[in-house]
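The two complexes that follow have chain A in common; it is paired with chain B in the first and with chain C in the second.
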Partner chain A sequence: MHIRTLAQLASDLRARRVSATELTSHFLERIGRFDPALNAFITVTAEQALAQAAAADRRLANGTATLLTGIPLAHKDIFCTSGVKTSCGSRMLDNFIAPYDATVVERLQSAGAVMLGKTNMDEFAMGSSNETSFYGPVHNPWNLALVPGGSSGGSAAAVAARLAPASTGTDTGGSIRQPAALTGITGIKPTYGRVSRYGMIAFASSLDQAGVLTQTAEDAAMLLEAIAGFDERDSTSLDEPVPRYSQIVNEPWDNITIGVPESFFDSGLDADNAAALRAALAQFEKLGARLKSIELEHIHLSVPAYYVVAPAEASSNLSRFDGVRFGHRAAREGHEDLLTFYMRNRGEGFGAEVKRRILTGTYVLSAGYFDAYYLQAQKVRQLVSQDFARAFAEVDLIAGPTTPSPAFGLGQKTSDPIEMYLNDIYTIGANLAGLPAMSLPCGFVRNLPVGMQLVAPPLAEARVLKAAHHFQRATDWHQRVPATYA
Partner chain B sequence: MQWEIVIGLEIHAQLATRSKIFSGASTKYGATPNSQASLVDLGYPGVLPVLNGEAVTMAVKFGLATGCTIAQRSVFARKNYFYPDLPKGYQISQYELPIVHGGRTDVVLDDGSTRSVGIVRAHLEEDAGKSLHEDFAGMSGIDLNRAGTALLEIVSAPDLRSAAEAGAYMRKIHALVRYLEICDGNMQEGSFRCDANVSVRRQGDAKLGTRCELKNLNSFRFVEKAIEIEAARQIELIEGGGKVTQETRLYDPDRDETRPMRSKEEANDYRYFPDPDLLPIVVDPQLIDAIRAALPELPDAKHARFMHDYDLPAYDAGVLTAERRLADYFEAVASGTRATPKVAANWVMGELTAALNRASLEIDATHVPPAALAALLDKIEAGTISGKIAKEVFEALWNGEGSVDAIIEKRGLVQISDAASIDKLVADVIAANPAQVEQFRAGKDQVLGFLVGQVMKASRGKANPQQVNEALRKQLVP
Partner chain C sequence: MRRGSLNVLRYPNRLEIPVLSAEDIRRLCRLARLEITPAEIADVSAKLSSIVAMVDQLQAVDTVGVNPMAHPLDRPQRLRADAVTDVDQHELYQRNAPLVERDLYLVPKVIE
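Now for the complex of A and B:
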């Protein structure tokens, strides 16, 4: 039951081959069995899930069911969920029960989905290995000694180990695509503004975008269709119609041109990864795609620009966590002045990586440094966006690696933030330019999954989902499950 | 040594939007603490601001009324600092690209001269909450009802040269925002307050002196007092060989002094940057045209019209146009009576204003509607009652004793103007005061006043004074 895709489960439910309660119980049982070793969940909402499943079963029985009725899902713990702890992976919010639902959560719920629980993540989504979580690292289902990637590491591991058929995630610099790649699943980060950010705890507002982690592109299409669309509570959400992704992906293949940035295949990329990617590109050619070498002139500046813009916004976004109205408040030691109160609350509430980024962000916004860092980074951002726009005048999609290498060891890169940051070297560009991008499994290297990234022009989610779906119909990389969880 | 004082004001006008600038919470004043703060106002995790279009319209109104340019594109920025009554740890404001910039307004001073004051910019921002440091046994209370209320910060050029000019400018802006109905102007509730930047320089110096910023002045009187005291402090300091340090100071009205705020409170680097949660404001030119077309007549235009159309002196026009509703009241009276506009103006500025002040009422709450005052002035005009009796009728009107006619009728106040009755009253007075009559006839003209007074007294004020005068002269000089 757990190795069936979302699309298959939806049809099983509608055909009454399985009930929502059975399905939910099955996944809850798997979480109970496997999660102690994986640590993919921060909170499991078993009781609530069973109640939602029972309600779904009633709708399935009386014929009022919709596309996702009875489908169990896991939410990244960055999305506010009414009445349920929403920690964002931080001690700061360990005591925070959200008083409302994020738009993403609300839309999936109204589409009939069942929430299994909240998944582990890097603290405030700041990390590429899930090692900055207050709740401890998540382990990669392919090898428990390895990281699952981050920041949506819990969401990725949960789907890879089939503890949930699919999960939500967020992606600021690669936080959906990189863990999807390292755990052998499919992940999509839509166009900036395609999905509402309301109720999603902000890391870097101009880069954050919600998306999904799934077994297949078809599943991603189904979920994206449910969560995408304008939301008047998010001024940056796009007021554009939402195509029927789940139908479009099944339409016949069109002969698209795929751009390949050759610079992505330089020495920074693991040679075995490169070989797997070349093979996957050849597969696309076999499907009828035309490959074209392209140049993204400024893409090598993405990482430095990102590590100015993202911390700058984060330093401001995280100011609200002061222990005054909610969140962690340090035990009082006699009389303390306001500054001490803030320093103790924040000093205890935030972990090292979050503090590093707040400090960096504060620095780059400071008087005298703003022009040299923040403004300069914004200019680079413009250049990167223009590079993509130029490329998309000639090609329909851009393909390349999602990560430089397969999953690395827990603790392997924690001592060197720069090396950790370079893990997102291929993914950050799409965030800076606000473009939709996917990662899909495209091979294995040393028994570990490898991801291919596909980037599309603004609002061309349907195009990238469809290409990925056709690729997956011709390949079986996405169907591989680690033996323990099969 | 002659000193020149240089002042610029930053006025914070709370916009009269029904809901907050970035949330749907009510802006009503005086509610239970923290009962009007939504999750957005509380800065909860995950919430986002959504701009209230009404605030934009109001800012545009102000811009158009002061000849400012309305920016094609303006941007919200975050002003970052920590304080418990600032829930998000940043205030959403406008920094580099304000919605309105580059206008001016003329201020008429007491001596009749005019000072043109530049308006550098006016930008939209959200207000913070309130910190209450008393009544909590060593702790501080936070009330976030005000957090997120829309403010328009109006920044003047350093064009003001005295405390009186600053006061006049502030009054002018106050009248303007009330005319435009974009701010209730209530200074006690903090809806209209200002910071003053004050510096001094030797007369003729081209370079500006070092300025100090006086924070949170919430009455016209305090603005003037604070500036006077601060300027005197700076002059004394420099004359004594000292130097002014740029700092933020607070005015203490109890001690009548300014003193520096603690340095910690001002040593902020606000790290402004564009707010990524909000799109730039792009105001549709058609909306600007529509707002312009719907602008009310503004104080300056009304002032000119009152002088021209009603033939009023500048002073009267100034008083009557200071408040839009007072001007409306005056116009209703003037157009409803046969009395001259000057008479109407005298009554509005005199009796009516005095009665309102006694009762501490705004013009909206007047007990005497304009139609009643117009009817009263008609009675004077027609000679039915004298001006003096009219004041008595006005009192009765204010006290709700009925219509003008009913009061005159009930109290028997109709003026005596038939010649026979007046001749009789005059004859009686002449008979009763032979000594004074003798003096008058001997050439002591001023005795006539005494005799008139006697007749008026005998008539209990109802005799037509002009007729009494004439009858006396006729009977005394046969």
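Now for the complex of A and C:
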């Protein structure tokens, strides 16, 4: 039952081959059995899940069901869920019970989906290995000694181990695509503004975007269709119609041109990853795609530009956590003044990586440095974005690696932040430019899954989902499941 | 090195690595409202210095005439009518507050 895709489960539910309650119980049982070793969940909402499943069964019986009614899902713990702890992976919000639902959560709930629980993540989504979580690291289902990637590491591990058929995630610099690649699943970050950010705890507001982690591109199309679209509660939400992604992916293949930035194949990329990627590109050619070498002249500057822009926005967004209205308050008595009181609450509530990013942001925004760092980074962001626009005048999609290597060891990169930041070297560009991008399994290297990234022009989610779906009809990388969880 | 090469990141352009002193770190912590223990300062200083060195390669980029990009959306921010749409939910919101009395958020008594 757990090796079925969303599309298959939806048809099982409609044909009454399985009830929503049976399905939910099955996944809750798997979470109970496997999650102690994986640590993919921060909170399991078993009671609510069974109540939602019972309601879904009633809808399935009375004919008011949608395609997602009765489908169990896991939500990244960055999405506010009314009445349920929403920690964002931080001690700061360890005691925070969200007073309302994020739009993403609300839309899936009204479609009848069942929430299994809230998944582990890097603290405030700041990390590429899930090791900065206050709740401990998540383990990669392919090898428990390795990281699952981050920051949506719990959402990725849960789907890879089939503890949930699909999950939600967020992506500020690669946080959906990178863990999807390292755990052998499919993940999409839509166009900036495509999915509402309302109720999604902010990290870097001009980069953050919600998306989904699934077993297949077809499933991603189904879920994205449910969460995308205008929301007046998010002032950056795009007021554009949402195409029927789930239908479009099944339309016949177009003869698209795929751009391949040759600089992505420099020595920074693991040689075996590069070989797997070349084979996947050859597969696209077999499907009828034309490959074209392209150059993204400023892409190598996306990591430094990102590590100015994202921390600057984070330092501002995270200033709301003061331990007065909500969040962690230090137990210590005898604050000599209010400043010390705030500093203690924040010093205790935030972990080391979050503090580093807040301090980096404070530094680049401080008097005398603003123009040299922040303004200059915004100009470089413009150059990176213009490179993509120029490339998309000639190609329909851009393909490349999602990560420089397969999953790495727990603790292997924690002592050097720059080493960790370079994991997102291929993914950050799409965030700076606000473009839709996805990662799909494209091979195995040393028994570990590797991902291929496809980037599309603004609002061309349907194009990238369709290309990925056709690729998955011709390959079986996405169907591999680690033996323990099969 | 070839333009567009991703390897450039491993070799920041500037030879001199900026070092943020303990006093710099303490000043940043005050600005950011973050308490830091004396034991943490050396590590924070070393790591922050390496991050600043990495982002410093932006200085070498020619951006004359380039418009800064604050946001990916190439359209004006949507505005809404200047009308109250929220209902009063202070009791619900204050449930998450560490200390509340008579609808007021409390902080410890301080004498300045």
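Here, the second predicted complex is superposed on the first by the 482 of 486 C-alpha atoms of A that agree within 3 Å, B and C clash if a C-alpha of one lies under 4 Å from a C-alpha of the other, contacts with A are read in each partner's own complex, and residues count from 1 in each chain.
Note that a contact is a pair of C-beta atoms (placed from the backbone, for glycine too) under 8 Å apart; a residue touches a chain by one contact, two chains touch by 3 or more.
Remember, it's a predicted structure, so these values are computed and weren't measured experimentally.
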| task | Applying the touch criterion given at the start, work out whether A:Thr475 contacts chain B, chain C, both or neither, answering first, second, both or neither. | result | neither
| field | Which superposed partner A:Thr414 touches (first chain B, second chain C, both, neither) | value | neither
| Which of chain B and chain C A:Ser235 touches, first, second, both or neither | both
| said: Taking the superposition on A as described, I'd like to know which of chain B and chain C A:Thr362 touches: first, second, both or neither. | reply: both
| message | Contacts for A:Pro99 in the overlay, against chain B (first) and chain C (second): which applies, first, second, both or neither? | response | both
| Which holds for A:Phe326: it touches chain B only (first), chain C only (second), both, or neither? | both
| query | After superposition on the shared chain, which partner residues are touched by A:Gly199: those of chain B (first), chain C (second), both, or neither? | reply | first
| request: Look at A:Tyr342 in the shared chain and tell me whether it touches chain B only, chain C only, both, or neither; answer first, second, both or neither. | output: both
| note | Larger residue footprint on chain A, choosing between chain B and chain C, goes to C
| request: Would you check which partner chain A:Cys88 touches, where first means chain B only, second means chain C only, and both and neither mean what they say? | output: first
| Contact residues of chain A, present in both the chain B and the chain C interface | 96, 99, 206, 232, 235-236, 315, 319, 322, 324-326, 338-339, 342, 362, 366
| message | So in the complex, the part of chain C that touches chain A is made up of which residues? | response | 2-10, 20, 25, 28-37, 44, 47-48, 50-52, 54-59, 61, 63, 66-73, 77-78, 80, 89, 92-99, 105, 107-108, 110, 112
| field | Interface residues, chain A side, partner chain C - complex | value | 95-97, 99, 192-193, 206, 232, 235-236, 238-239, 261, 263-264, 266-268, 295-301, 303-305, 307-308, 315, 319, 322-327, 329, 333, 335-344, 346-348, 350, 355-356, 358-364, 366, 372-373, 375-383, 385, 416-418, 421-422, 425, 432-435, 458
| Which residues of chain B touch chain A in their complex? | 39, 42-51, 78, 80, 82, 84, 87-90, 142, 264, 269, 271-273, 276-279
| task | Enumerate the contact residues on chain A facing chain B in the complex. | result | 79-80, 86, 88, 93, 96, 98-100, 102, 197-202, 204-206, 232-236, 312-313, 315-316, 318-322, 324-326, 338-339, 342, 362, 365-367, 370, 374
